[in-house]
Amino acid sequence: MLLEVHHLSVCYDTAMILNDLSLSVGEQELVSVAGPNGAGKTTMLRAISGLVRWEKEILRGSRYGDITIEGRVHFSGERIDQLPAHEIAERGLLLCPERRRPFREMTVIENLMAGAYLLKDKEAIKEHLLTVFRLFPVLKERSRQVSGTLSGGEQQMLAIGRALMSRPKLLCIDEPSTGLAPLLRKEVFQKISEVRDSGIPVLLVEQEVSTVFKMANRNYVLSSGKIIAEGTAQELLQDEVLRKTYLGL
Amino acid sequence: MIENILINGLIHGGVYALLAIGFSLIFGVARIVNIAHTAFYMIAAYFIYTFSTRMGLHPLLAILLSVVIVTLIGMGVYQLSIKPIQEHEITVLIITIAVAMVFQETVLLIYGGHFRGNPGLLTGFLEIFGVRVSYQHLLTLIVVLFVLLITWWILLRTRLGIAIRATAQDREVANLMGMNVHRIAMITMAIAVMMAAIGGVLIAPLSVVEPYMWLHPLVMVLAIVVLGGLGSIKGSLIGAFILGFTETLVVFLLPLGAFLKGAFSLMIMIVVLLLRPEGLFGVAFEEER
Amino acid sequence: MPVLFSFRKIRLFLSKEIFILPSRIIAFFFCLGLLVLPLLIKDPYLLRIIILSSIFAIFAASWDLLSGYTGQMNFGHALFFGVAAYTSAILNLRLGLPPWITIPIGALAAVVAGLIIGIPCLRLRGPYLALATLAFPIILMGIVFTIPGITGGELGVSGIKPLARSRILAYYVCVILMMGLGLVMWKIGDSKTGIIFHAIREDEVAVRASGINTTRYKLLAFSLSGFFAGISGGLYTHFIRIAGPSTLEVSLSFQAIIWAIFGGVVTIYGPITGVFLLYPLMEFLRIIPEIRTLLFALIVIVILLFMPEGLTTWIRDRMEEECPRCKVRNVAWRKACRVCFADLGKRSSEGGEHGV
Amino acid sequence: MRGWGRIFGSVIVLLFIFFGSISIAQDIKIGVAGPMAFIQGQHHWFGAEYAVEEINARGGVLVGGKRLPIKLIKIDTNEILNVPDAASAVERAITRDKVDFLVGGFRTEAVFAMQDVAMDYKKIFMGCGAAHPELCARVAKDYNKYKYWFRVTPINSMFLAKVDFILLGMVGKIMGMELGIPKPKVAIFAEKAVWADPIVAAAKENIPKMGMEIAGEWRPSATATDVTAELSAINASGAHIIFTTISGPMGIPYAKKWGELKIPAASVGINVEAQKKGFWEATGGLGNYDTTMNTYARVEITSVTIPFYDKFTAKAGEFPTYNAGTNDAIRILVNAIEKAGTLDADKLVPELERTDFYGAAGRIVFTKDHDVTWGPNFVTATGTQWQDGKLMCVWPVNWEGITYKGAVKYKIPPWVVEKWKKK
């Protein structure tokens, strides 16, 4: 497997956010993680991408209390849970964060160049830029526009495009549909499956289960920091209790 | 009169911009309110005084030496006294105040509280439409604008510049894009201190070199970055010129109120903040994390 | 016998409330020491240092009440000090009012100043607030210089009546006021209001969402802090017998922040400790006048590098521990909480779950 | 029991303080109070040292048949930065170092505070640095409390203004004679400070009376560092003379820009920075021809002036400014002690009041409120002009019959001559 998470636990001071969580993502796969608000989905992605460790370092010794992380994360056979976030990114695991978070004061093209920070070869950057523009033509149209003024959907495209610029081995996306109109959501999901089809595996965290489950190869359901179910869309949607209690369908 | 306002406004605005952009960059990249920022400007002025007036080195060599030494000092200060406790924002603030005090007292110990002057590279003046403008002012203006252009080019066009700006806007996402935030913070500190040092070197011949010369610019820089929006480089640049021109205009148009120029600039800042609490180009706070 | 009874009551109080925590024992003996000191040593210079320390301790603690508790960073705390100093000085000089009237009026003037700057600053957050507040004393200084007829310009207002007839009397006035006001501020920090102040610092949006008018509480913090800072400004003026622009300088505002953070914020006693250590230190360093400020700054840097949360916080965390259940403080070496008897054993990751 | 103990204790402490300061004294301790990190404090100190070295060399002060040496105590008041610090420093010197007398003081706000402390302890305080009239007016108001205060330098700011106008009048007259300007235009250039206000007010009243015209009034901040704007405006106003009132650091950029832009107006008045030796270096020579009022000058004000001036300059590397008046102050004090034969302040005050002393600054006689007397044949102050790297005395020359030996004629800056001569 490309990404393997073993028994991951995260505590913020005394509050346990993730409790002995294990999951995996394989090559060419689109894996989704669903679950209610506060289940720990975002924390999971932040822990995998190294942000929780970063936060721990920043908050060390302050009055907000300590963060503890336990468990192991393997990526392409290498253990990465001890690495700082930027080194995890160097190894090809990129997170497209919650609420999109473009560099608001920078233009679209500058955002994309920031995404290509890890690449030094000018030709490769150009090539990737063309790929991203092919996937998201709207970004090409708006390339000189300051990203803070883009619409929500465009910002989401930008965030995914930015993460794709360094040609990641695994793309993690956190709640891409938040705050988008239904039509736009559909388009975003469409683009995400295109990303998978282009050969980049995706770990997608999303509440919008109905669309995502169908397009994902495998799904996990997360609740109170634990994985409570795993399987294909069909398997999971058959379970009445799961549908009613956790997926709100 | 108009020429004078223009030139003085541009010089003041330019020097403030040198200081404010650096301050803003450090604030953005490392989340440090660096009170010692203008103290670097002060020690740079003392270095140039020592090298050129005391030791009689060639002015250009003296300028180069001063800027390099001050930049190294800046990096040392960051590494030794700021980085270890970076997460305690407010403690860092006190440390930077103390660092500024250390600089001020060291200078006071070595040079005493004398008011020093430094000869300019050029003397004489040019008469434009009956207004006398000294060559030193013109030279300073050209250098300031040149340095600002270079800075602008670095920030806008280079990989490093994009990384710095990205980090300044969102450290976490910058981290996710593979940028080593700590290293970038160090580089930013070096660039910012270098800009402050250039400002100090340039201002030394135009003004008085004394141990407390960092206080007024500090207040102005704080006002500028708040006015322009914290962490916004564009905001700092525009804010610097707004306040630079305000000061000059107050001096020119209210001859009796010239002593009020500081208070005036600060009032402008407060009025802007009342209308736009995040400054002219700042990001509204709900968005930030 | 009533006397014996009250004596026992005092002893009970001491053993139950004071001698239960090392920090309280230290505070108790510190206060006791200050009260008996003039009976033993009458050196006016020593008394002067303690008087000034007390005055600045009130000032630093009032900064903590505003900036430490509510997180409303105030970089221009000297505004309150200066407004009160000038007000009491002018009232005393022009109307001949005695100190015990002019100081409270000066403090009220500082409250008004707190409201005047508090209202426009309410919309500002974090560093914006800090830097905006820095501006107010400087603007006021500009005004002071424009109306020298009233303020005396750079010379200040002089010829003011002294605080008390003798040094020892002034000493007791300042020291007792410092203890009293320190206790009041500490109680405010511990009260319901104080908890709301805390909450505003941690997450203002959440506090507002729970139906609390945060605006009112922030203004309250500004006025309370202004009042206490004003008292210190008035005391200072009557003690030094001059109110000048130095009471509005940026360095005084920074001084307050240095004292408070050095001692440890959100504690009230931290800033007081900070002043009582740093102010006499500065006097002690007179033995080497040339490098006194330099040494001072270096000491501050070194100590803060080792104890970034402040001196008292660092020491307290080594002596005492907070009970996870009832949030009462205990001596670090206790095994069970002194109030709710909860287990104070070393908390592991499971331990966190036990608590829930 | 405890009450008795307390009284007993305090009696012992009081006795100790009482005898500690009077009977055991092996030397006379004089505290020199000033901002020692700054040039003002250094002048206080060097002036005092100069006097004490001479007095101790001849064996010390004769008190009641015994010769006591003087010991100087350096009191770093830090007063420029911190006013309570200054008061504490003085109290420390009085209670810890047991100084008998105080000299010095600079920043008026701080001197008020220090004066109060000194008067509380009934210590004679010879002021050498603050010009505010109120300091001496306090003596008149509350003689019993403030009688221990005397001012040696500078002259009261009222007389300061007077000398200022005499200098202005002199320059106006010379310009009228040499350049044929019948009614010179004067630009008033004064820093925005309270001490400058009465001078500006008087200037507005006096200049027309002196047969001159006011070209305008400019009041930059006392801490301004760039006055190009003001100078350009003065240039545009067509002024012939700039009447300066500057005590702050602004004096350097002012003179520098004035010389660099060759503003065609003679600069005369008060520019404290121009009183210092470092002025020439600081302005890179551009401050040539700037004229300022001064306390000392290398001329024969009295027979002791030139030796003092030369030795001070050699020792300090600086020309003495008014803060160096500690030299005269200590000598006056020593005279009074020797005449009265005691160190008791209350007995010394009447003796000091009778002072008639020829010091480096002139003949010093105190007024009724303990201020230094100004006037011909008393302390006059001087006018000095920078002439090609040398600070020359240009006033008094033929004033009320007084010309100090060594004084020279005022020179109009050549570019001013060039500009106005043709017309």
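When the chains are written out, they are named A, B, C and D in that same order, and each has its own residue count from 1.
As a convention for this text, contacts are C-beta pairs under 8 Å (C-beta built on N, C-alpha and C of every residue); 3 or more make two chains touch, one makes a residue touch a chain.
Values in this document were obtained by computation on a predicted structure and should not be read as measured data.
Visitor: Please list the single chain whose C-alpha centre lies closest to the global protein C-alpha centre.
Guide: Per-chain C-alpha centroids compared to the overall one single out B.
Visitor: From the C-alpha centres, identify the chain that is farthest from subunit D.
Guide: Using the mean of the C-alpha atoms as each chain's centre, the farthest one from subunit D is A.
Visitor: Measuring centre to centre with CA averages, how many angstrom lie between subunit B and subunit D?
Guide: Using C-alpha averages as centres, the distance is 37 Å.
Visitor: Averaging over Cα atoms per chain, report the distance between subunit B and subunit C in Å.
Guide: Once rounded, the distance between the two centres reads 33 Å.
Visitor: Averaged over CA atoms, how far is the centre of subunit C from the centre of subunit D? Could you give it in whole Å?
Guide: Between these chains, centre-to-centre, one finds 41 Å.
Visitor: What whole-number Å value describes the gap between the mean CA coordinates of subunit A and subunit C?
Guide: 47
Visitor: Considering subunit B alone, which of its residues make contact with at least two other chains?
Guide: Only 88, 109, 259-260, 262 qualify.
Visitor: Taking each residue of subunit D in turn, which ones touch at least two of the other chains?
Guide: Where subunit D meets two or more other chains at a single residue, that happens at 37, 192, 222.
Visitor: Hey, what residues on subunit C touch two or more of the other chains?
Guide: Correct list: 145, 290, 293, 308-309.
Visitor: Which subunit B residues qualify as touching subunit D in the complex?
Guide: Those in contact with subunit D are residues 1, 4-5, 8, 12, 53, 108-109, 112-120, 123-125, 130-132, 134, 136-137, 206-208, 210, 213, 216, 248, 251-252, 255-262.
Visitor: Which residues of subunit D touch subunit C in the complex?
Guide: Touch list, subunit D to subunit C: 6, 9-10, 13, 36-37, 74, 76, 78, 81-85, 87-89, 91-92, 94-96, 108-109, 112-113, 116, 132, 134, 138, 192-195, 197, 222.
Visitor: For the complex, give me every residue of subunit B touching subunit C.
Guide: 27, 33, 35, 81, 84-85, 88, 90-91, 93-95, 97-99, 101-102, 104-106, 109, 215, 219, 222-223, 225-226, 230, 259-260, 262-264, 266-267, 269-270, 273-274, 277-279, 282, 285
Visitor: Would you mind writing out the residues of subunit B in touch with subunit A in their complex?
Guide: It comes out as residues 86-88, 159, 162-163, 165-166, 169-170, 172-181, 232-234, 281, 283, 287.
Visitor: Within their complex, state which residues of subunit C touch subunit D.
Guide: The touching residues are 39-40, 42-45, 48-49, 52, 145, 148, 152-156, 158-159, 236, 240-242, 244-246, 251, 282-283, 286, 289-290, 292-293.
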